[in-house]
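As written, the chains take the letters A, B, C and D, and residue 1 is the first residue of each chain.
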Amino acid sequence: MFVNERRFLVEWGDCDPAGIVFYPRYVEWFDACTTALFTEAGMPIKTLFEAHGVIGIPLVDVKTRFLVPSTYGDELLAQSSVLEWRKSSFRLQHQFFKAGILAVEGVETRVWTGRDPANPDRLKSRPIPAEVIERLSAHRPLPE
Amino acid sequence: MFVNERRFLVEWGDCDPAGIVFYPRYVEWFDACTTALFTEAGMPIKTLFEAHGVIGIPLVDVKTRFLVPSTYGDELLAQSSVLEWRKSSFRLQHQFFKAGILAVEGVETRVWTGRDPANPDRLKSRPIPAEVIERLSAHRPLPE
Amino acid sequence: MFVNERRFLVEWGDCDPAGIVFYPRYVEWFDACTTALFTEAGMPIKTLFEAHGVIGIPLVDVKTRFLVPSTYGDELLAQSSVLEWRKSSFRLQHQFFKAGILAVEGVETRVWTGRDPANPDRLKSRPIPAEVIERLSAHRPLPE
Amino acid sequence: MFVNERRFLVEWGDCDPAGIVFYPRYVEWFDACTTALFTEAGMPIKTLFEAHGVIGIPLVDVKTRFLVPSTYGDELLAQSSVLEWRKSSFRLQHQFFKAGILAVEGVETRVWTGRDPANPDRLKSRPIPAEVIERLSAHRPLPE
């Protein structure tokens, strides 16, 4: 699979009164990781979505494990890749490492989604384009 | 179990360019629901945490399912309760309904957490006080 | 002017490691206050924006003063109203009170904005509809 | 003055239903810029705050102008520096450029703040240490 890395610096405003990352921030970062994965595979989401008439790739589920807390000033390294392709949905994994140790792990299921032609106020899943699957399935080793 | 309800109005700033709630917002709302559950059970977290010397109740995992999208102006009704007690952790469920239909569901595992006496920079789980378990296990029927 | 009140409960996740509200949260709340002002004046923004073909009312400037810090569990009462109408922009004031004392004050300038007919990728200001001005200028005394 | 640059990539989740950055995000980024300014001047805030017994540098006011909207995928370059030193407060400027054009500008007044010795629940301003002023006043030209 195509694996992408993205670095995050934990900011003061990401942390709660206990001084650790307020956990929804990780879920926001999963989204940024997914965007970065598409961008690095040559498919910036803005042009990709417009080209395919999709409104986005909303989630149907996400499972997250929090293993090690982080605080402001900490640097996290995220590794993201697609785990599985289905017809119109796909599963992604994001692993956040702090100093080489797995700190947070998330697995998302997302759906390739457009407007319902029968009712533009409604959303409707669509088959994932072959090119998207191909590019995100290409072997790309991580930098050493 | 003690069940609490909390209403949320989806705001413009909660929504993404697809016009639907950016999904980490739900995870923020789970946290607000957990706080409200403690408050309604007579244990506002600020005084509770100070009384017990805990720094908070951080998550170890969360599983979320997104069934129905929502947009700004939508009103959501959340129902929250504890599903299970363990020695120092507990599992909570949050269900968000839109017009009576289950829209989002989250299950969190949280840990009753203090500073490590041996190293105040580290966090350490602690046994959940009996009073906390008792109050959040009390039967309280939902308002009709 | 039409004055609206909206209450906010400060949540754990709104606060930073100093234990006080992370100040961008207030700016998010200003947006929620502006939406509530329109809603209470009988113009929910979703239908209003669609009816007038505007994409929103983005800010051109905001000035904020922070007088009293707040922490999680605090309840804030916000009072919002329009201060001034111009052709396509207007100035709003939001005052947040904690236990009757002014804690935060913001003044925003917002623009009634649509797509540029000559280039739908660009935004363009439009004259504010008379009905909007009329409704938000109506005298409405605050609840005692 | 010591000027620091920090780059931001606008994420999907930073944008609202109009497809442009939800404006409180800029105010969050001002905070990240302030942290980066201290870090680059050799004073990471975590160790700095602990060394001086301060709880943070909360804002007393912020003025922001929004000149050019941005959307997801846009890259912004922020330049930050201190404009003025007072006894216990200081004014900072953050300018965000998109493709070389000034897009957003913020001016913040922040206070060097500790606990009140007479009442640890209260915050109290303190004189800014000479070293902080000296380091952030050092001339550092921007990279070409």
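Heads up, the rule we're going with is that a residue touches a chain if its C-beta (ideal position, glycine included) is under 8 Å from a C-beta of that chain, and two chains touch if they have at least 3 such contacts.
Note that the coordinates shown come from a computational prediction; the quantities given were computed from them, not determined experimentally.
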Listed pair (B-C, A-B or B-D) duplicating the A-D contact set, over half by residue number: B-C
Contact-richer chain pair [A-C vs C-D]: C-D
Distance between chain centroids, defined by C-alpha means - chain B, chain C (Å): 28
Between chain C and chain A, distance of the C-alpha-averaged centres to the nearest whole Å: 32
Distance from chain D to chain C - Cα centre to Cα centre, in angstrom: 24
Set of chain A residues in contact with two or more other chains: 12-13, 16-17, 19, 22, 24, 28, 31, 56, 71-72
Chain A partner contacts - residues on chain B that touch it in the complex: 16-20, 22-25, 27-28, 31, 55-56, 58-67, 69, 113, 123
Parts of chain B lying in touch with chain C, wherever the complex brings them together: 9, 11-13, 28, 31-32, 35, 39, 44-46, 56, 71-73
Chain B to chain D touching residues, read off their complex: 12-13, 15-17, 19, 22, 24, 71-72
